[in-house]
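What follows is a single structure, written as structure tokens, with notes after it.
The letters A, B and C name the chains in turn, as written, and every chain counts its residues from 1.
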């Protein structure tokens, strides 16, 4: 139910600054995912929003009101933790009731809220059980239930699925997506290092790197138009191939190891560029048709549905090509691949994307 | 949030800190202060500052000659210091050796290990006074079972007055302490042994290292830090030994330790300030060893 | 070879058991003898005579002394656990300047020689008018039970997951609520362990009990045992002393047998692990 505004938020632990001035606007009812490698500050940022850590500098507003000095309980937030953090000695019911009771809600009101949440999460039959008697997925549902009953303005998730096994993770992901659809007014912030969760759940993704925002956008924006080389390599699996490239006299781009220069129509200067192309955008070039790269196959990884072909085009790293399982590719053979012009990404020497003019 | 939390923390700490100040800090300061006064048991309030008088003073005879008096030249005190050091050295050494042996046995996997471990705790749990009394009875010169056993096994030709005889009184005191404290030592060492990963032993076995070599080259070096900590821990305890000596061999200069010297001077000989001075010296010794312990244990304080 | 080693091993175990248990066994044996049987050394039980127990428990102040010991030890444990629990929360979970130094101080106090504070504590006891009262003992025993309790509870508390506490903070719990309603229920094993160890320490204490109380009905059991004597050295009532010793020791041995695992863990936590 809240709009969040972060203005130049900074956080230091001792002398080390870990969040370097973050500006962010999150609209009401939106599900925003913070994603990034470990140590990028995503969890710290979430904890700053929760009020579990104090902001060193900057201002944080919920619906235009500063919450800088408000303790967590007065911010109207609820949080789901990575390790569930259920109270081990309390039953499922008491776990959900604890916060409400502390807030002084009446017995009947508490009961009603919990029953409603239990129905929603299919926990009705386990209200009397202790957390240790539940499976991982059930525990996570209780943790979510504990958050729901608080009827929060902002719902925070800190890597909630990373303790679950792969099958359960997929299932819970769907449940969280449903929850978001149902709780249209509740703003959700979700921290993960898993890009699949980020891509599938997010209305918008915030990519963080070293305590700074690298890019904010919808999942498809990030995938199709990464603003930086970092985002390009972070989103998408397997990661985007980035090949060192130079600019020819005619203003064309010449990737190292490429068959021929490519005209990208961007105004280019500087010499140490990077040309990016996603493995799934590369296809086998028809005989006679021009190719982008040509090289010897050094390794073929069969994934079942697809195969990943490692191509030695004379660079340090092999070029990864994702091909359908039916494509003929054998180790030691030569392969010519090409990609549509619009799928090529160009990054300057600072790592920023260079867009076609 | 941080500030209110720190406030709460302070509030939570205050009662504990005040209590410790009342029962430890203040009394310690007062004890040290009494050591520099002429306080007597019956007149604590009238204590007057006499500087180092209790430690060392020149007592003139009035004819130009005189003598040094005070703790630092007190034969009895130095005897007590010597007794304490001998007691500490011998008991801690023997307890370490025996404790290590017991710990090695307990570290093996065998049925009823829990029972044996519980049995080993029994001497530790028995009040020291009771231990001393039990051993006093067993060491009794006329009816004691130790003499009886020694005679039957041919180890003794005649009954020995263990506790009363000056030659053996200290042995008796040490014996009781070794019996009582070895289990504690064994448990501390056992904890150290259990921290050694099992696969190291398996690796040694695969490498064909024989058990004795394994003990000297693997077990002992890896358990050494735990043993060192246990030794210091025990040494601190041994240096302040009181109960055993007081109960087993009262009024015996052969066994009088620093703690007994202090207690006697404070409350039996009406030398309150003198006893306070002695306890200050005792405190200094133990404080230094405590610091050594804290460094050796490399305690995790975060 | 393997059999020989096995036999040697079990002999060693038997030797350890003999070494640790024989004195107590012999005390029980003696306590059940009287008259001339007492003064002929024997290794196996021969008589079953409860007259020593009747003498010790039936007359005189000894039952009162045992009760004193129970009261003093229980009160000491209760106070230590309460003060230790709140203090350990601050020490284990709240970062503040000087925390390390504070922990070190607490640890040092636990190694204090009691004798070093005896003179000053005597003055405090007298100033509060507590001389010859059990309160003097409850107060003075805190000097060794409290630092130990704080230290062990702090190590346990440090290991509780941070997220549980943060979940409680988000739920709106104050530090007091967190300690009493979230952490306390999780700390029971640690509380039992430290409580037991503190109880045993207080139960066994001698020097303060000897110094701060003086009349026969305010004494604790260990002092009472130390004071049992006959008219001369030859007439020491060994049977009665052993009976009293067994009475004082038996509850502890039962506790140790039940809780040996916990006690061992607590001892090592206080000593080595840190």
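Following the convention adopted for this analysis, a contact is a pair of C-beta atoms (placed from the backbone, for glycine too) under 8 Å apart; a residue touches a chain by one contact, two chains touch by 3 or more.
Since this is a predicted model, take the numbers as computed values, not measurements.
Visitor: Tell me, please, which chain's centre (mean of its C-alpha atoms) is farthest from the centre of chain B?
Guide: A
Visitor: Measuring from CA centroids, which chain ends up nearest the centre of the complete protein set?
Guide: So the chain nearest the centre of the shown protein is C.
Visitor: Which two chains have the most contacts between them?
Guide: B-C
Visitor: Hey, how far is the Cα centre of chain B from the one of chain C, in Å?
Guide: Centre-to-centre distance between chain B and chain C: 17 Å.
Visitor: From the C-alpha centre of chain A to that of chain B, how far is it in Å?
Guide: It comes to 61 Å between the two C-alpha centres.
Visitor: Let me have the rounded angstrom distance from the C-alpha centre of chain A over to the C-alpha centre of chain C, please.
Guide: 56
Visitor: Name the residues of chain A that each touch 2 or more other chains.
Guide: 52, 71-72
Visitor: Could you list which residues of chain C touch at least two other chains?
Guide: Where chain C meets two or more other chains at a single residue, that happens at 169.
Visitor: Counting only residues that touch at least 2 other chains, which ones in chain B make the list?
Guide: 1
Visitor: What residues on chain C touch chain A, complex-wise?
Guide: By the definition above, chain C touches chain A via 161, 163-164, 166-173, 177, 181-182, 185-186.
Visitor: What part of chain C is in contact with chain B in the complex they form?
Guide: 9, 12-13, 16-17, 19-21, 23-24, 26-27, 30, 38-41, 43, 79, 83-84, 86-87, 89-91, 94, 96, 99-100, 102-104, 106-109, 111-124, 126, 139-140, 142-143, 146-147, 150, 169, 174-176, 179, 200, 203-204, 206-207, 210-211, 221-223, 225-226, 238, 241-242, 245, 248-249, 252-253, 255-257, 260-261, 263-264, 267-268, 271-274
Visitor: Can you list the residues on chain B that touch chain C in the complex?
Guide: The contact residues of chain B facing chain C are 1, 5-6, 8-10, 12-13, 15-17, 19-20, 22-24, 26-31, 33-34, 44, 101-102, 105, 108, 110, 114, 116-131, 133-135, 137-138, 140, 142-145, 148-149, 179, 183-184, 187-188, 190-192, 226, 229-230, 233, 236, 239-240, 242-243, 246-247, 258-259, 262-263, 266-267, 272, 275-276, 279-280, 282-283, 286-287, 290, 293-294, 297-302.
Visitor: Residue numbers of chain A touching chain C in their complex, please.
Guide: The touching residues are 50, 52, 71-73, 77-79, 81-89, 98-99, 102-103, 146, 150.
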